[in-house]
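The structures considered in this document are given below.
After this come two complexes, each holding chain A, first together with chain B and then together with chain C.
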Partner chain A sequence: MTAQGGLRYVYAVCRPFAAALQAQLTGVAGAPPGLLRHRGLVAVVSTVPEGDFAAEPLRGHLEDLDWLAATARAHQGVIDALTTVTTPLPLRLATVFRDDSGVRTMMEAREADFLRALDRLDGRVEWGVKLYVDPPEQASAPAGRPASGRDYLRQRRMRTHAQEEQWRAAEEFARILHQRLSERAEDSRLHPPQNAMLSGVSGQNLLNAAYLVPRADSEEFVELVDRTKDEAPHMRVELTGPWAAYSFTEPAVEPMPAPATEPAQPAEAGEQR
Partner chain B sequence: MTMAGRMPEPYGRDGGGANLADILERVLDKGIVIAGDIRINLLDIELLTIKLRLVVASVDRAKEMGIDWWEHDPELSTRARSNQLTRENRELRERLAALEALEGGRGQLREREKRQEEDR
Partner chain C sequence: MTVVERREVALVDLLDRLLAGGVVITGDITLRIADVDLVRIDLNALISSVNAQVPAPWGEPT
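Moving on, here comes the complex of A and B:
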């Protein structure tokens, strides 16, 4: 197959799967994604116009938040559809090749990595959990107009105190929540908190975490998150998913060797990844 | 498929929209990185600003929780370095100006002393 003025956009790499993709599914440039099989792997690809996806125009488009948002949503749409039928290994946005043979060459070069990652993630999905704290102004009820200067200062002191208390409580809750959810997940990642300007969500994002959970345990995990929702006042727990295991495509990096003060534990086979 | 039947309904994506930040942080920052034929370094792009926008309001709190990836981001630290250079440059210029002023002042002082001597 020749590219005929089109380039190959690759969404994900999977093991071969039997189920068909949704018939009306469209990819980043409106074309339906197809499967490119090579040895024991399948790449999910679609044709994209060279006029938009060659290096020069692509660089320009990526500066455009609207274009970026639409492309990101389309990319995620394909990954999402794949997640319902298999365990995809999602590629980063805008992974583009000249033609099918370029994609095949890449698949062959990375075959061992892909197979290892697919084995590790097989049957698992990612759940996103975010904790938001309401803006303090909203949380501490206004105590009416101050009657005097001294009254004003007293009210302000109380407000500041209440805000500090609220932050402390929120941070403590975030820590406990993350710990509790990590115990029920195979793996977890902490992402930087999101800015309200981009997320369009009110409140301060305090925890932004991803948890790797077997599909079979997902219902239980979701119930666990649901139960925490009413636990903390002035806080909001938000769950998203199931996502493809985007945050877990790289194996966990041990932050540093175990501190010398810890007694060495014999390695348990079950914990090795 | 049986496994799909066991999955809870998707959360947070009703009505056509996961929060854009949720999607961007995954498709831009996570997922397997492969050098395609079309080479674009996502970090070279203004996406960096999006990353920065994702980064937050509250850097200190993120740090407390051990989230500090941006500190290792070469783009960001380059930026930090260039900020430092700009500041050093400005400080040097200020010191130079101060020295020149001082030198100029000394010159005037010498002129005055000379004139005073001439007057005597």
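Moving on, here comes the complex of A and C:
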């Protein structure tokens, strides 16, 4: 691959794999992805036009939802194809280099990180679980017009109270669900709840979580999610995946050890060395 | 038990992962457009421009 007026878009880094990518696979900007091998790693790359992917035009494009959607889907298409033949380490959307040599330099600089992450994620997939709370029903509830101002206020108080109750129950269910699923996963991440306008989905998104699960345990995990679906009224559980481990490319942040200034509990009696 | 297999991935689910997940490469060797901040800022701008047009569907939970 030579750079001919094009930039290098990098989708993922993998360990070398034997299988071929689907012949008709196209990536971002319509070009077929290829493999760029460097030492013990392979970068999956394609050529993208400088006119769209250089810093300035890209900045503009990223605010265009249609462009963003098409690019994200093309990126995902390549990652999806990779997951059928290996466990890819996906890169963030729009990771672009001037040329192959830039990609190689990056691979060399990050080699140890990549190998560690690939080991950690090998054979794992990501499952997305979202919990929605139905919008309160009483919008249409009051059968008649309140007879008086006092009636109106009373009805309103009751509505507010019912909403608070429903919300509290939903938060509790979200907490329990997350805890239960985390116990069956190697790792988990909480994404911010989704905006209903962007998702076009009814109800309020309370939990938007990702779970890292070995492929071999996935069926069990999916069944567990499925069983929770009918547990709570006015709530909806949605499962997505399996995804490449997008949400787990960074290792979990270890809980901070006790601060050095506070000589807390004497380390467990027998921390032998 | 039925497992709903969704082939059409929702864009928001994709963006949760592609704009907030994935390995972030930074450094002089890149064009600096892979930088996390750029993408985050742009997504935030996108979301806030959508939000500005639409009030929250539900009042504050507390």
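Methods note: the second predicted complex is superposed on the first by the 232 of 273 C-alpha atoms of A that agree within 3 Å, B and C clash if a C-alpha of one lies under 4 Å from a C-alpha of the other, contacts with A are read in each partner's own complex, and residues count from 1 in each chain.
Here is the rule we go by: a contact is a pair of C-beta atoms (placed from the backbone, for glycine too) under 8 Å apart; a residue touches a chain by one contact, two chains touch by 3 or more.
As the structure is a prediction and not an experimental result, all values here were calculated from the model.
J.: Chain A superposed: clash or fit between chain B and chain C?
T.: Because the two structures are overlaid on the shared chain, the partners are seen to clash.
J.: Quick check on the superposed pair: does A:A117 touch chain B, chain C, both, or neither? Answer first, second, both or neither.
T.: The answer is both, since A:A117 touches chain B and chain C.
J.: Determine, under the contact definition given at the top, whether A:F173 touches first (chain B), second (chain C), both, or neither.
T.: After superposing on A, A:F173 lies clear of both chain B and chain C.
J.: Could you tell me if A:Y132 is touching chain B, chain C, both of them or neither one (first, second, both, neither)?
T.: neither
J.: Once the shared chain is lined up, is A:A55 touching chain B (first), chain C (second), both, or neither of them?
T.: both
J.: Where does A:T84 make contact in the superposed view: on chain B (first), on chain C (second), on both, or on neither?
T.: It touches chain B, and chain C stays clear.
J.: What is the contact status of A:S218 with respect to chain B (first) and chain C (second): first, second, both, or neither?
T.: first
J.: Hey, which part of chain B ends up inside chain C in the overlay, 41-49, 59-67 or 77-85?
T.: With the two structures superposed, the offending stretch of chain B is 41-49.
J.: Can you list the residues of chain A that meet both chain B and chain C?
T.: 7, 10, 13, 53-55, 58-59, 62-63, 65, 68-69, 72-73, 75-76, 89-98, 102, 106, 110, 114, 117, 128, 171, 191, 194-199, 201, 204, 222, 239-240, 243, 246-247, 249
J.: If you look only at chain A, which of its residues touch chain B in the complex?
T.: Interface residues on chain A, with respect to chain B: 7, 10, 13, 19, 53-55, 58-59, 62-63, 65, 68-69, 72-73, 75-76, 84-85, 89-98, 102, 106, 110, 113-114, 117, 123, 125, 128, 171, 174-175, 190-201, 204-207, 215-216, 218-219, 222, 238-243, 246-247, 249.
J.: Given the complex with chain C, which residues does chain A contribute to the contact?
T.: Listed in rising order, the residues of chain A that touch chain C are 7, 10, 13, 53-55, 58-59, 62-63, 65, 68-69, 72-73, 75-76, 89-98, 102, 105-106, 109-110, 114, 117, 126, 128, 135-136, 163, 167, 171, 189, 191, 194-199, 201, 204, 208, 210, 222-223, 226-227, 239-240, 243, 246-250.
J.: Please output the residues of chain C touching chain A within their complex, sorted ascending.
T.: 1-4, 6, 9-25, 27, 29-34, 36, 38-39, 42-43, 45-47, 50-51, 53-54, 57-59, 61
J.: Which chain B residues qualify as touching chain A in the complex?
T.: 1, 3-4, 6-8, 10-13, 18-34, 36-40, 42, 44-47, 50, 53-58, 61-62, 64-67, 69-70
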